[in-house]
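Pasting the structures in now, so scroll down.
First chain A sits with chain B, and in the next complex the same chain sits with chain C.
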Partner chain A sequence: MLTNNDKITVPQTVALMITTILEIGLLSLPRDVAIYGNSDGWILVITGGILAFGGSLILSTLIRRFPNDTFIEYSQKVIGKAPAFLLGIILIIYFILATSIVIRTFAEVINAFMLQRTPREFIIVTQMLLTVYLIRHGIEPTARISEILLPILIIPVFAMYIIAIPKADFTELLPFLNTPPKAMALGSLNTMFSFFGIEILLMLGPYMRSPRRIYWTMFLSVAISTMIYLFIVIVVFVSIGVENSKVLVWPGMTIIRTIMAPGRVFERLDAMALALWTIASFTTANSLFFTGSLAFTHLTKAREFKFFITILFPWIYLFATIPPNILVTEKLVYGVKIGSITVGILIPLAILILSIVLKKGGRQHD
Partner chain B sequence: MTEVFSKLYTGKKKELFFERDMSPDKSRKLKKDIKENIDGVHDYLYDCDDVITRDFYMGQAPKHQMSLIYIDGMVDKDTVQNDILKSLMLFTRQFTLEYSVGNNFFNMIKEGLLTAGDLEESDNFGEVIMGILSGDTVLFLDKVEKALIISTRGWEKRGVQEPSTEAVIRGPRDGFTETYRTNVALVRRRLKNPNLKVKTIKLGRHTRTDVGIMFIQGIAKPSIVDEVLKRLNTIDISSVLESGYIEQMIEGDWLSPFPQLRRTERPDIVAASLVEGNVAIICDNTPFALLAPATLLSLFQSPEDYYERWYIVSMIRILRFTAAFFAFTFPALYISMTAFHPGMLPTDLALSIAASREGVPFSAVLEALIMVFSIEVLREAGVRLPGPIGQTIGIVGGLVVGEAAVRAGIVSPIMVIVVAINAISSFAIPNYSVAIGFRLITFIFMALAAVAGLYGVMLGLLGLTIHMVTLKSFGAHYLSPFVSFRWSESKDTIVRGPMPSMEIRPGYTRPEDLDRINDRRHDTIDKVGDENADK
Partner chain C sequence: MIRFKTKVLMCLLISIFFLVGCWDMIEIDRRLFVGIVGIDTGNEEDKYTFEFSFPIAREIVGGEGGGGGGGKTVATASTVGSSIIDAARNLALRLNRDIFFEHMRIVVIGEDVARENIKNVINPLTRQTEFNRRSRIAICSGKAKKVLEVVPWTEKLKAEYMESIYSGTGFSGKFIDLDLGGFLSSLHTSKGNALVSKIKPNKTEVYVGGAAVIKDYRMVGWLDEEETQGVNFFMGKIRGGDIVVKDPQGSGSVTFTILGQKRKLSVKTKEPVPEFSLEVYLDGNIASTTHGVTLELDEVKRLQDMVSKEVMIQIAKGIEKLRDTYRVDLLELSEHLYKYEPDLWEKYEKNWEDTFPDVKININVYTTVKNIGVIR
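Then we have the complex of A and B:
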């Protein structure tokens, strides 16, 4: 069942995936990997990326087996209507929580670095309205926005961090390979959380113009995201040190505050960084919010998805405003990350294995 | 229907049937008796004192009446007198009388007598009346159920002049005029191509304006041509006095501040766009032609972009886009930087801004609002006034008021600089409609900056991006080629590549024939080189 006939191309899917993945990790990933891996933290980014790609392979294989169905439909085909309906509801709840936590984290950062006295609710509501304005247009414009914002996001991020390199101390990356394997494994798993967002693939299958090239699409998306994360982690490590990265809430942001643009155009690059942060957060919230309302649409077999945007809106707002402070928010972020593993990897893995065992999907759908 | 006709012919009442578009009924046929025909014309055109009826006779004993009807001032008097009246009154005497009556004579006149170039035969009042109103001369003959519509259009008109809104340093100096035929000819002269098609329709119930659609078959995508024709045909409006009426009736999103058709008074732009696969809409009575589909990029282009060398053009284009960005964000950035985030500026600059704002009684928002508002007023006043006075307004407004306002401590000098750069930037955009669109959203951005500082500006920018990304003009993405980007199209975007490298046409029109340049060029250059070497 297609809610509209819009389909997205391979570059659009890659852009959508990258902009969805790049968000919270941009600011907090250096801290996480520093805690688990110390100076080997940057290796964790690579291993985490490989794990994330492994996870995306599960989703991709499902898309290959059921190219015309979303998760809602193929789970019904594999495990029957009632259990699948339950899974669908879990999926929707997850997307609501993920969207609200993304928007909440965004508001926290804006509150901390830019608008100290502005009510958090104002930032949350404006950001949500902007998101709604976009996703009402459907999947293709959402992907197009990602496509156009991706270079605007990546190029300045690289430029800003490159400015920080001259003052860098590369000995911070030593000692090399000094972390016990167990910590490495745990750390990699934790890094994989930073790739949360790939679970939107659950709903995207029938909206892709060439689902046959899904493996290549996912490889590109995860590889590019890993490169960006890797670059940022290394730059943060070499500029402010591993130990400092451990104690800061958003080391990625702190390092930007210490940079001065050459020629003293801006004394601190906060403005630029926050602008980019707005873009990163906006694109992630877009795809999660859109996927959530899409899941709802497919679950109820409705024809029009715009209505469900309206239904989800108050819930997302509610969950975004519930956490009283940043500590609770950070805990919820962690919860959502675990949820993303459950919803994005464990459940699909079970469905995939069942579908292979029960011989459902696959060739007859080609 | 029949009731109406019966009343028309039997009763004396002047009750006439008009079609929905106000043109006289085409199914009302001409009669054999010339008197009835002339009365029929006067049924429609009574109380129109500019309609001239010239009766004359030929033969002696049985006189046969002929009649010319035209509108004074809309016909070329020379043609009427020398090519029509002279032939009919002098040369017809050579014929015997049997030839001088009825259909034989009609054919003789049509085929061999009139020296006017373009004539048409008609048998109904609808075409006759429309012909007269368009400036043609109608010839009635006795005992013939047909009339001749002789094209004698010729009225006082402006010559081809240099367009005043789109001046260029390098490039042709001719611009469109108010005459439809001249405009079409100006384009045709540049494209001596049998595939250049011109379709004319009449729009406006009362104005019956000639509107022409031009496109090149084999390049323009048929679906776009059809879409333009379809939208034009849905227009049912009482008057079309300028192409702006058409533009506003056929644009897709009338809530958008951006024009979705490109308007130009330069035939070279129209020719260039036609070759790129656009459809041109040329409207009578206005020098402004419309081009569809339009993209933001095409609205940022000037014809010189293709006449100058690519380094210069690339630099100018980058300049224009930067200017456009400042045209709507600069006051907003000033507001957010001074009122919300002074820490983000270099300390010296922040201090000098603070020092210059000392003594200014208003907040940065109000200050910016006052200044932007006065610039807008100055612009509007300057546009309406004739040249010399307009300049005076500029000097008085810009120098005297600006300087005095700073001296009086109402605004800070930096604010004046900000607003001046903002205003000048907006006029670096070649297309006036787009420039005004950007100036309009300046106010929205100022409001956003006043509410939420830099975050507000960011919200505005994202909202603007969403709007532009979702905007379409006749099926073409407004932000094309930046959305669904293809590397081969990158040579004609914010920068322009060297002419030989631009091998394909822009893709937003989805042209049927993509090749702009064939590879042959290099071969010929090499050959010429070889020949010279042989000598």
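Then we have the complex of A and C:
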């Protein structure tokens, strides 16, 4: 386990992917799916997951075709150096923005629920310093931390939300299948955005020990994330109802306060919930920040990536502190989600098609 | 090696810097925990009088030690403000502690505020996360101030006392067991309708029973205890309580204690107005009859029918008040339609307020006696 050859195993990749995907959706997904699908919102989680898996197939295929190259390298092979350089810049900008809104959302939630007076900048800087400290060590420690933190994150989440089940009103999931298909389709698309984090696959190719098993790796990652999201959405729906979920900004968090085990054994679990949320957000920020620096490194063909972490730091901090309040942040989040589709699906799709047409890249047989 | 030690030392020093949420750190003895919040109308437009009750830790602990508590264990403070948050900030000019709402036990809204409009008063309760969503809520007949003046004789802490009355659903079905979260939920889902328990203060105790009907964020009237119990029967929320009927054999009355109920609501006819059919299955014990009477099987059967009839009357009273007098659907009929007959609900959704008063409900109650005690 302590090998430092810079390649991560399949379990580590799965853990890394899952912890990257699980982030803001933990708290706000019930609201999004309630707005689009009402009582059928939970179905949207499943369909969104399927769509996300479909999208990840594109990147997976590219990794299989170019097993030792990151996106930067194989896009150069397919479309030439100059356009690929441009794409690389777009990638870096995307990762900067993505990291900043992840950290920013984290600061917003902490402000709203726990530390009302602490200045956001402080929370952001503290979080970023921790992230920087970890990712300077490279891909392996990052993946290892995800591997360790994954059960620490998932098991208490399950345990906490399960306590809410005895008081649940499962009739809130009715009427079943009453939403028009168009709304469901739009909702699925929207939910797919919540699976953003898959784009780290762009850079992860050569760092994986078994790139041939990428399909199975992605399937596991997306499936497990979907199940966790599904569980949370259903518990939120049956605890406070669909209408309420539409009103609250972070319904996942609000119901934690109302969960009470009989006999007042567990009450007011916010502190633990926020600790878990910190873990989820930390791992996501890690992956995105690291991938961004890695992209920069590969773009400039440098030998050390640590330097680029420092370069990106002030930009991420800048973008994380620009929005004045949650309403502006939400708009930015939406923008980043669109960006994730572009960078994670549309651009790789174009590259993939071109690579097939132009017959670049080897084909891997099982 | 020296450099290593310096590094470690530096890390420790820097980590002290980061280990505190120092902006938000408030020592626990600087906090004042609010137990009861009372809301009354203020003298000016858009202003309310807020009363807060706080337990005084010193007095409670000191009193136990022996020395005869000299001071009151609970203090109250009142102030005028436009919202709860405004009032709390106004109090900061008089109190030397920080007001902390997260352990709030009960919110009491005075009748005049409720009759006027509760929309603005409750907005901070939803918006801010510091209000405890598991606290209870009640509407007081008269001024809420009187509730805070009560000095209970069973408990030292007023708020604790009032809140625990609500856990008595095992003993009575004559009040609405709702917490703040459920109340806000109901308001959101039905766009302004809710049923809230009624609270009445006396000198040394409060009386929780009956309910206030809120329609469009405004209180329109009361339900008395029997009507409230009827509504609870309708919605399947009864967990205990009793029904008293006249003893057919003797000259007294029979007390039937309730163990639990099951209920089934179904839609019988759909056009032109929905007709519902309600079936209630009631379980209970016979606790008291007139002395000297022996219970045979047909007697028990007769008593069962009488209890059923009494329950039917109560449910009918509750429905009548809500449907005919107040014309507000707090029986969750709209939700039932939405969940189980969504196509039907689409038709009625827009004009539900007008359709609802014409709705017919058939009630059938089936009572089963489980226990008759240890004598025949």
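Details
Assume the second predicted complex is superposed on the first by the 351 of 366 C-alpha atoms of A that agree within 3 Å, B and C clash if a C-alpha of one lies under 4 Å from a C-alpha of the other, contacts with A are read in each partner's own complex, and residues count from 1 in each chain.
We adopt the following convention: contacts are C-beta pairs under 8 Å (C-beta built on N, C-alpha and C of every residue); 3 or more make two chains touch, one makes a residue touch a chain.
Predicted, not measured: the structure shown is a model, and the values here were computed from it.
By the touch criterion defined above, A:244 lies against chain C but remains apart from chain B after alignment on the C-alpha atoms of chain A.
By the touch criterion defined above, A:112 reaches chain C but does not reach chain B.
Applying the stated contact rule after C-alpha superposition, one finds that A:271 touches chain B and leaves chain C untouched.
Of the two partner chains placed by superposition, A:354 touches none, neither chain B nor chain C.
Touch criterion met: A:178 reaches chain C, while chain B stays clear of it.
Once the two structures are superposed, chain B and chain C can be ranked by residues of chain A touched, with B on top.
In the superposition on chain A, A:126 makes contact with both chain B and chain C. When the two complexes are overlaid on their common chain A, residue A:155 makes contact with neither chain B nor chain C. Residue contacts after overlaying the shared chain place A:258 against chain C, while chain B stays out of touching range.
The intersection of chain A residues touching chain B with those touching chain C, taken from the two complexes, comprises 114-115, 118, 122, 126, 268. Chain A makes touch with chain C in their complex at residues 39, 112-119, 122, 126, 171, 174-175, 178, 240-241, 243-244, 247, 254, 257-258, 260, 268. By the touch criterion given at the top, residues 18, 21-24, 102, 126, 129, 132-134, 181, 184-185, 188-189, 338-340, 342 of chain C touch chain A in their complex. Chain A contributes residues 9, 11-12, 110, 114-115, 118, 122-123, 126-127, 130, 133-134, 137, 141, 144-145, 147-149, 264-268, 270-271, 274-275, 278-279, 282 to its touches with chain B in the complex. Considering their complex, residues 340-341, 343-347, 452-455, 458-459, 461-463, 465-466, 469-470, 477, 479, 482-485 of chain B touch chain A.
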